[in-house]
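Take a look at the structure set out below.
When the chains are written out, they are named A, B, C and D in that same order, and each has its own residue count from 1.
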């Protein structure tokens, strides 16, 4: 039981790191980016290449994965995404699904279709035994890293000037522009950072989530659930939604394995019917 | 005899009171204007009357019948129609299609999915009458999106009129219309049939005073003064509100 | 009748008139029965995809409901058709087809209430969620659906007891094309009716639609239900012509591909789904022979390019191409007719 | 006094609607201009067009002699346009203090100076924007424009919907900013009498065009002009619509 809670927490926090960038960009630009998972996959494969093939230490591979995907995200934002912001949601969906398809096929072409594993240092393998509960060392690492990241994110968002400018832009884009905030730049930086986080999540999560070219499609719905259920007005909502989703999914697969993700989808639909703007959204979300 | 009445109508958004205890009677066949400073709640009142918003409190009576709980499309069937301050048009339809659509709905053909639009002769006849009345005949087959703003504004009224309302709400019909296209619009409004009761929101005092036979002044969501045009024009309280003088009286 | 009333009546009817191009399209479609016998298998798939895309066009192109879950209806009816055939519950394929469509329509009716509220994103999630849930259910109850192995042992009786399905797909193609044609005729009547016009109005401006007396929600429920029925018939056709049904009928990929098909052809004029299906299938066929594994990449690229170019601009190109083709056909017909008419000037319209 | 803001033949609106049709006006350094007119006559559109958040149709806006017509709104804010929007539009998920620091630019107006001007804001500096009363929101909106250290302040109905006591408080603050500090400003107001005491000059807009321009003092005394352009009485010869017979 507690093991499920533990594994679920690790899973949930991982989902949060993967999806939080999406939630901020959706809230800021009202832009539906279904290709967010592609950046996570890029981070995962980046680590595989760095650690397994080139022999970079795992501890260095993670930040490098972050940087590489942040760079990739920033590049895509400036060259591709920037053309689609003003378009209809249908166009945005088509565009980003197109990107997903391309990334899936391209990854298949370059890396092959088989599942990849990141070589994890021996020190991180095995379990601790605390009060009779088996806690995987690697999962503990995930919880620690993601926990620290979440705290850091919250601090950036609430304590820095960039954070308040970002929140101002989410609150009222038009007035933020009129008062001197370069919303385009704020968004570009946020997008790159969010992509980087997704990449880091992909690198960390390759072990748990599995890494193969269909990753962006497989987890698209999970990221969207985090965002739609958690709302887009901050990171607390998505964080709680991620934890719920992680624990719920692990518990569901443990107790009613045959139903698979049915429970999760049913809950999502129920939540969206009752609260179309998300469980944790404030009253008048856009 | 009042055709439309509101009793203690109120609307709050969170802590903000947009309309407070509005009790208003609109006489049959009246030309009634609703004026007031910005944010006084004029559009809120129209939104409540037409069913776009649900009131927090109060009742709305049409011909003595309580319609507070009805949806906007049901109120249209009972003979109320409105225009919008900011154009709400079907940009991909032609003016003729839009008018014919409103006709078809009025004739109860809305769920007919087998016969052509305009299959019923009366639809075509009345649609022709309306495009003519609203000076839209020459552009009736153009896409609405490409019409000049003045024509769009006319179509805005034509669509409401096509519902054959007994009560028509006009929300700033002349707003944003360039000077050159203004005359046609004003003449059309002045020529609306006398048996249609009109409630007009307008800032343009020329239009208000040339058109209305009764004026209600709304301030901060509440009905402030209600009377004939010359009474309202002379009322010192109204002057005070509009000119920003003290309200000690 | 005043002259204006007469021209108003003319104007209202003009759109619904069959154009030369439309007639040419269907003549070509039916001619393929005799002209392209060796392509009947892929043409069958194309006709099914076209019907499926037509169903999406009804809600997306006409009513503006964005959906990533049209596969839910396709798949449900597909399984239904397979099961009734497998267990011999309904033997006649046409009757089974109609029943499958009704089952899908019922599912559409029930789930339509979920898409009435909320933003595009909410609708996207809800439609996707419903199809994923059904996918999970189909996987869970593998004793009924055959799970990952698919539904085996489906045998479909001859159509009307007369025409048996053959391995070259000749019967199947004629059958599917006929069903597509009938459904298309229904859809075509519908979109030029007051009901169809009201859908376009709702898509354009739901607020104003209510303000001219249109019961918006009731209309959306109605068209969503009908669209689900069409999608279901497409799914049933697939099962009947392949005598097989597997989990991928419910997949996200199927719904996403469908969007692409419709976007290639253009939304909101009925032929979009049909033309899109033809282009998509033959492109798939062609790319698959070049790079069998990576054709998904090119599909993705196509989507990205279409959006970057702009669907408005594409629609304008479509329009121009249609106009050019129409001129060509009219002229060709006029040229053929000219000797008989003794050189009389051809009437363009 | 050198010319600070020059607007020539500015046309602007929203969507397809042209609300302003060729408006020209100029504002000198250190001058305060009251922009009057009934509702719906284009006052807010004029302000918003100077800020850059409307649809531009034509004309030219110059600040300090430099053409700013092509600049984005955020760039205009950087070169000295300070905006107090009509609906106040406080950033609701930011605290009072963050609302100020998020947009502040270096210059004489610091957050401390704003707090000195509006002691109420200092008391509520940790409160979220969504928790403020209408008057406090308005003070914050003014303070937020001040910390931009603008060359020109654009205030859009700063007194609207405020209780009388708050109107007095805010007017006193505006007087300090405009009269004592010599800040250039354009103030849109319904409350003509009140604002004429603060402004040097006044113009009246009607249907997107300037119909009257005068010194504040002169206009305040000109009851006829006020009534004609701002009051509810019918104005002179009727144009356009005829009354029903």
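We adopt the following convention: a contact is a pair of C-beta atoms (placed from the backbone, for glycine too) under 8 Å apart; a residue touches a chain by one contact, two chains touch by 3 or more.
These figures come from a predicted structure and were not determined experimentally.
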{"item": "Steps in the shortest chain-to-chain touch route ending at chain B and beginning at chain A", "value": "2"}
{"item": "Relative to chain C, chain with the most remote C-alpha centre", "value": "D"}
{"item": "Comparison of B-C and A-D (more C-beta pairs in contact)", "value": "B-C"}
{"item": "Separation of chain A from chain D, taking each centre as the mean of its C-alpha atoms, in whole Å", "value": "43"}
{"item": "Centroid distance [mean C-alpha coordinates] between chain C and chain B, Å", "value": "41"}
{"item": "Intercentroid distance (Cα basis), chain D paired with chain C, Å", "value": "55"}
{"item": "Chain B-chain D separation of Cα centroids, rounded to whole Å", "value": "31"}
{"item": "Residues of chain B touching at least two other chains", "value": "none"}
{"item": "Multi-chain contact residues (two or more partners), chain D", "value": "none"}
{"item": "Shared interface positions of chain A, touching two or more other chains", "value": "none"}
{"item": "Touch-based graph of the chains, sorted into line, ring, star, complete or other", "value": "ring"}
{"item": "Pairs of chains in contact (touch as defined earlier), listed by label", "value": "A-C, A-D, B-C, B-D"}
{"item": "Contacting residues of chain A [partner chain D, same complex]", "value": "161, 164-165, 167-168, 170-172, 174-183, 233-234"}
{"item": "Chain D to chain B touching residues, read off their complex", "value": "13-19, 21, 38-41, 157, 160-161, 189-195, 207, 226-227, 230-235, 238-244"}
{"item": "Of chain D, residues touching chain A in the complex", "value": "51-53, 72-74, 76-78, 83, 85, 89, 91-94, 98-99, 101-103, 105, 129, 144-145, 148"}
{"item": "Residues on chain C engaged by chain B in the complex (per definition of touch)", "value": "1-2, 4-5, 7-9, 11-13, 16, 189-190, 192-198, 200-201, 203-205, 207-216, 219, 222"}
{"item": "Interfacial residue positions of chain B with respect to chain C in the complex", "value": "50-52, 71-73, 76-77, 81-82, 84, 88-94, 96-98, 100-102, 104-106, 109-118, 121, 123-125, 127-129, 131-132, 137, 140-141, 159-160, 162-163"}
